[in-house]
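In the two assemblies presented below, subunit A is common to both, partnered first by subunit B and then by subunit C.
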Partner chain A sequence: MWYYEKKTQYPVRIRKPDPRMAINILTQYGGPNGELAASLRYLSQRFSMPTKETKAILNDIGTEELAHLEMIGSMVHQLMDKVSPQELEKLHVDTMYAVHGRAVFPSDSNGVPFTAAYIESMEDPIANLNEDLAAEQKARATYEYLLKMTDDPDVIDPLRFLREREVVHYQRFGEALRIVQETMGKKKFY
Partner chain B sequence: MHNLQLTPIYPGNNCTGEPIMIPVMPVSPRLAEAYVPYQIYNKIFTPQEALKKGTVFPELART
Partner chain C sequence: MDERTNLLEQIMAYDFVLYDLQLFLDTHPSDGNALRDYKMALEQSENLRRQYQAKYGPLTTRYLPNTTCWQWVNDPWPWNKEA
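For the complex of A and B:
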């Protein structure tokens, strides 16, 4: 069960529209290494974790990824808001406008719609946690690419925050893996 | 790593169950396994600083 807070995890206040950057950032909404994929992955894998601690780690991080999805959605929306179709055409992002208008739709930057094929959920916790560690690194790398594509501090600030969270999550999944190795090892399951 | 102080201990409670002791790095690491050092609780940032950095733990801040 969840409680909802009527604010984003980290402030998103972008003053200058930048539709090209909006489309670039969109991949972290519904792309292969995006926040929606991350959230669904952890919240689904949670059920087959062997200990209370590891269940809690996946549930907590999966929940936080939903908060990141909200932040990314806000960023895409603010970067696209009120930009005229003519302006979008000039910037070559008019194909997105033709399909969705200025809405936030879960796809990657090329318009490829979100699919659960981006994620896996297996009964084996070692397999799941190794996937999760890789997922955090892929998201971190994506945030680093995005940070190279803008010089707007209003955009850089939340992107840096999100990048740092990927680093912290990597550490937590690493600890979850250690817990599984130490506790399962004792029972000679592996 | 050889210091007992470097061994985090999960005290275990109603919520987390039995206590677990996990060394910072495994005592006898096995091939074909991935290991991440287990974090030890240390100094933390102020809440304002932590929000700015994206973490409350200085050891995890990559800026």
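For the complex of A and C:
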């Protein structure tokens, strides 16, 4: 189970609204390479992990992704907060307002709603961990696209933190894959 | 930055160290150095957490201040700009 801690994993304090950037960042909330997909992917795959280390790492990275989901949601909220509908119209982000107002909804930047089709969970841990390695790289690439689209230090700082975490998770999943391969090799279990 | 935010961010920094070490220890469970670092950061975090919660209210519902109302509902929540 989980308990809530009344804090984000890393500070999110954006002073200047930027609705266009809010919509761009929204894809990391409910898009194909976003934090919701990441969390559900790892928390679902953990049930088929074969060793104590790999059960732990899938459980704990899946949990950290929920904290990242909260950071992204906070960024979208703060970037959209109190911006007038007229302003949204001027910036051409009024179609999102027509559907959701200024709410945080799990979709990508084009408004395509979240779907579990973004993830896979198989009984085979080698297949799962290879998917996870690719997922971390796709998320890293997305954060790099986002970083190219803003010059606001309040936005850059948490995005850089999140990008760096993808790199660390990639490293840990690589170690998990090695552990599974070594264990399966020993057991002569194909 | 006000005093409350400053203290909260110190806790967040130690808790981040703890979480990063936790992931490392998951794949290196017999690394004595990482385990020692974890123990040190845990002591720091718990110490700061005690100070914070006594002064500014609960970070989790496991901390119950000696008051007649449920302080958990109080603002700010982490996604608020003022948090």
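Just so we're on the same page, the second predicted complex is superposed on the first by the 190 of 190 C-alpha atoms of A that agree within 3 Å, B and C clash if a C-alpha of one lies under 4 Å from a C-alpha of the other, contacts with A are read in each partner's own complex, and residues count from 1 in each chain.
Just so we're on the same page, contacts are C-beta pairs under 8 Å (C-beta built on N, C-alpha and C of every residue); 3 or more make two chains touch, one makes a residue touch a chain.
Keep in mind that what you see is a predicted model, and the values were worked out from it rather than measured.
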item: Touched partner set for A:Leu177, first subunit B, second subunit C, both or neither; value: first
item: Touching partner for A:Ile57 - first (subunit B), second (subunit C), both, neither; value: second
item: First, second, both or neither for A:Asn130, with subunit B first and subunit C second; value: first
item: Partner chain(s) touched by A:Glu70 [first = subunit B, second = subunit C, both, neither]; value: second
item: First, second, both or neither for A:Thr8, with subunit B first and subunit C second; value: second
item: Partner chain in contact with A:Val168 - subunit B first, subunit C second, else both or neither; value: both
item: Greater subunit A contact set [subunit C / subunit B]; value: C
item: First (subunit B), second (subunit C), both or neither touched by A:Lys138; value: neither
item: Which superposed partner A:Arg160 touches (first subunit B, second subunit C, both, neither); value: first
item: Set intersection of subunit A contacts, subunit C complex versus subunit B complex; value: 10, 52-53, 168, 175, 179
item: Residues of subunit C touching subunit A in the complex; value: 8-9, 11-12, 15-16, 19-20, 22-24, 26-29, 58-62, 72, 77-79, 81, 83
item: Subunit C partner contacts - residues on subunit A that touch it in the complex; value: 3-15, 52-53, 56-57, 60-61, 64, 70, 73-74, 77-78, 81, 168-169, 172, 175-176, 179
item: Footprint of subunit B on subunit A - complex, ascending; value: 10, 51-53, 130, 133, 160-165, 167-168, 170-171, 173-175, 177-179, 181-183
item: Contact footprint of subunit A on subunit B as seen in their complex; value: 10, 15-17, 20, 22, 26, 33-39, 51, 53-55, 57, 60-63
